[in-house]
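Across the two complexes that follow, subunit A remains constant while its partner is subunit B and subsequently subunit C.
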Partner chain A sequence: MMPGAGSRRAVALHLAVIAVLFALNFILPEYHRGIFSRVMVLAVFAMGYNILFGYTGLLSLGHAMFFAAGLYGAGLPLYHLGWGVPESFVVGLACGVVLSAAVGVLALRTTGVAFMIVTMMFSQVFYLATLYFTTYTRGEEGLVLPQAARRVELGGVALDLTNPASRYMIALAMFSIVLLATLALVRAPFGRTLVAIRENEERMRMLGYDVFRAKLSAVILSGLFCAASGAAYALLFGYVGSGFASIQYSILPLLWVLLGGAATTLGPLIGTLFMFYVIDITSAYTSAYLLLVGVALILLILFFPRGLLGSIRERWLPWLP
Partner chain B sequence: MGFGPYFLLASLEGLVTAAVLTLTALGLSLVFGVMRVVNVAHGEFFMLGAVLAWAISTAFAGHPSIGFAAALLVSPLVVGGVALLAERLVLRRLNYDPEATIVATIGLLYIVQQLALTFYGPDARPVQAPFNIRVTLPWFGYSGYKLAVIAAAIVLVIATWLVLTRTKVGLVMRATQYDRETAQAFGIPVDRVYAGVFALGAMLAAIAAVLVVPIQQAHYLMGRDPLLLSFIVVIIGGLGSLRGTVVAAVLIGLSDGIISVFFSPTLAKMLATLLVALVLVFRPQGLFGAATR
Partner chain C sequence: MASTLAIDGLDAFYGEVQVLRGFKLDLQQHEVLCLLGRNGAGKTTALKAIMGLVPARAGSIIKDGRDLTKLAPHEVPRTGVAYVPQGRRLFSELTVAENIEIGLMARGKGRTTRESVLDLFPVLRERLSQRSGTLSGGEQQMLAMARALCLEPDVLLLDEPTEGLMPSMIAKIRETVAGLRERGVSTILVEQRVDAVLSLADRVAFIENGQNRETLPVQAVRDDPAFVRRYVGVE
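Let's look at the complex of A and B:
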């Protein structure tokens, strides 16, 4: 993206989105504020997925393992060792980085369909591991993190993570950091390298770029964001379970990103929010929400492969990052 | 009892698993080989076959073999029809792009699974075996039906192989697999071949499912394990290689049966999945890929 009017407009748009989300804290009714907190945390997951799928063009079917690495990395020390919230969060991030580096080194030796299957299988191994070590993880049933442990002392101010307002603000803070980081990344040379690799990997290699290293960095960054989302989810909502490592949680970020628009900075938020409300509204009439997920996936890929923001960018707002 | 009886039992159970797995994986392998499409909904075709088998066989009163025979005939046809519809309505419009078709078949997976839950329910239901004979072996009696499943799988695999290598239909399929564009240029209706192959792959899964329901009950989530195992088989055997698929299915079915008798099934599944992922990373052509090429 060229610096200029479009670039300034993009920054203004992102700041405006954050400001609106901040204002919503005071406007939204309690129930919807809860949904928005959850959506912001999960949108970070989707943004992490988007780095790899949208910008680098690598379709992974195993991102549940990075989310779950953050989830368990933060949840287990808090639950079993009685660690504080900040230390647990950092452990969650570290788990995500280590796991994504290991998976990246192995999986990036493959391309295309093989990459999808390999990531899916590694994720399946992670899922089975959470079931196998059921003494510590309690498997499908999961762990409920005690309310008393979910407090932070920050400069004399005690933050209770079970309080809806502080939960919303923490979710918003993390979401904003990741959103602005993504925006900065997309406009930085590294971001453009990733897009160029997506468009023509061979040419980048011929031009002398270290393609493997760029892709590995993208995997690790993506893993870091997803782990941050998982760790925050565990600490804010107090539940850690195998379900979050299952294949379904690898598919959901794909759906959210496809819906909002792959390779758009705000698409993951819109996709997550939209899907959450679609499921919320339809669940009043039917419990068959998986049917909806399936139909949405097929319709999107058939008729709307660019997603909401992608289509808007194509038609009306070419400056959208 | 010593080691011998346990081992024989484990091997027999393993062979039954292998028989069912071979048929399921053969379907997946055909679709991948000819169309280059990874069908994530393959396990759901398997499940649909089993659920339909239950529905059909309970509709018939009288001797269980009548209902079973009807299920063996009708269920694969219905599943094939569903697959054909999905191929025409979705996959063809995506022009068989590998990534798009994966996303679409994931969608199909959720749709079929949810519809099965809605209309069939969350219960596991049994289907009666068509006959009930015990075959006497050195240490114990063994279900004659299970042995019949093994025989049926062998016959079907040989039949598939004969169709592929000895008939015009098989020739057309192999030509399409070898080079889609050249085949088209020689007047082969590639489009119709794709539709047929996709339906055939689903039908093989459905046949495997009908054979397995008297042993294992029909359940709406039963497609998960066959999908994963078929993936493993197709990868180990070399993507798109039929001979490799059959060899790998027998190997994996046998070792799965033997391992799960002696070890924790979760641990076994975990190690097997990890091992296969590493095979795909370090030997993408599969363990038998080089030999069958």
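Let's look at the complex of A and C:
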């Protein structure tokens, strides 16, 4: 239970972040607006990962499959069957839910390192499947979704998803929904149950909690958010490829969450934004930019061992959710 | 008095090592039953076996006509058994209020239970927004007990609740256990401090090599120190 004042401050902070992001649509130059659109979509991926890793304490190395389930779930029907944007998006979400439920039921029989390995193996199977069924996926080359198909009508208003402003606002809308849903979740009894499981799983069992069921719910919710991110990525940026199902995309959300602060609601956004701009800025100066990225990350871990927001919460703002 | 928890012929193992051998125990209503024995005798294992944390390979644990050995560990607390393990094991990142709320949510209890638990431990009321990991040892023990009592159990299992606490806190814990007995809660207490056992227990069960050698009224143990000397090795 959060103290009243802290709770109000937390809600105000989240609404302020959304308001600032809204305003940035009208301020940012085209190039940076594009980066922010991408960051907001991928931050949803990181928020999904954070549900499982940050709040529940389960370290997965296979979340690329949930992102890619949304990506392919939305992209394939649109590309091959000519389905509309809303239907394709819903299929993407459904794929994420079904896959995460199936993987969760099996992977949650393990814990710790075994859980990491099992999720990674499932993800590799998914990745290899995208390479195997090249007739439909075109493997590494991927599919470019036709521009004409990436249009949607909402309440009589036609939205072109290839338009940078529309793309930014749709990314912001999804980001805001997932952010506020995460805030509500961590303040709800279910969120506290997940944190308590992370703290002491056996104790929760001793209090009469069905830990397996709670963890499975967390995996499915995490899979849903990641799939939403994947589906939105496909529809907004028009590309679906196996690279997004590779191990790299399982490690990236872990990195974003660790940088921003695990088990903080805004940490995933901060971490994703930080990584994008560190790479963007350093790559402008040298082709060996990964070396500089590495140095930046080491400095960050030294001075902010719990991630940016995690350390700020620990030192100065204990009310940060 | 009627039996509220009956353990009979219980065998329990850690891996292939047998710890409980045909263990028997009969907890009666409204009593504090203390388990005494040397380290490694099987006292903590007996509590864990009741909770299903150490699976029973033979025997039964009957409460209200149900055999607890047939239940999953998370189903045991729903039968009215609460366990406060050694070392407290709080959710240290959560506040005192959140720890209590986790206990309340476990069995859908509400404000009335919360208030009655906080009345038992008034010091916790002053610390509701404090992270539980920052409480003193005695306060942590109280919170661990408070969280267990949120389940409104009729059987409470306490594993060394006075370990490492200062005398004033030990007195408070004793007072609480005695108060719970008056409310109708039966308690199985594992305790190393013989003085605490003798001042609090109604009966004492002496555990040795995973077996309950004998269960005696506390007065008999007070009258003859040879029992304590034989099974615990101290005066």
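In this text, the second predicted complex is superposed on the first by the 299 of 321 C-alpha atoms of A that agree within 3 Å, B and C clash if a C-alpha of one lies under 4 Å from a C-alpha of the other, contacts with A are read in each partner's own complex, and residues count from 1 in each chain.
Going forward, a residue touches a chain if its C-beta (ideal position, glycine included) is under 8 Å from a C-beta of that chain, and two chains touch if they have at least 3 such contacts.
As the structure is a computational prediction, the values presented were derived from the model and not from experiment.
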| item | value |
| --- | --- |
| Touching partner for A:Ala69 - first (subunit B), second (subunit C), both, neither | neither |
| Which of subunit B and subunit C A:Leu145 touches, first, second, both or neither | neither |
| Partner chain in contact with A:Pro305 - subunit B first, subunit C second, else both or neither | first |
| Touching partner for A:Tyr209 - first (subunit B), second (subunit C), both, neither | second |
| Touching partner for A:Arg192 - first (subunit B), second (subunit C), both, neither | second |
| Greater residue coverage of subunit A in the superposed arrangement, subunit B or subunit C | B |
| Which superposed partner A:Thr110 touches (first subunit B, second subunit C, both, neither) | first |
| Which superposed partner A:Val178 touches (first subunit B, second subunit C, both, neither) | neither |
| Contact residues of subunit A, present in both the subunit B and the subunit C interface | none |
| Complex interface listing, subunit A residues touching subunit B | 59, 61, 106-107, 109-110, 112-114, 116-118, 121-122, 124-125, 128-129, 131-132, 251, 254, 258, 288, 290-291, 293-298, 300-302, 305 |
| Contacting residues of subunit B [partner subunit A, same complex] | 38, 90, 93-94, 98-100, 102-104, 106-115, 117-118, 228, 231, 235, 264, 266-267, 269-270, 273-274, 276-278, 280-282, 284 |
| Touching residues (chain side subunit A, partner subunit C) in the complex | 1, 3, 189, 192-193, 195-196, 199-200, 202-211 |
| Interface residues, subunit C side, partner subunit A - complex | 51, 53, 73-78, 83, 85, 89-95, 97-98, 101-103, 105-107, 128-129, 147-148, 151 |
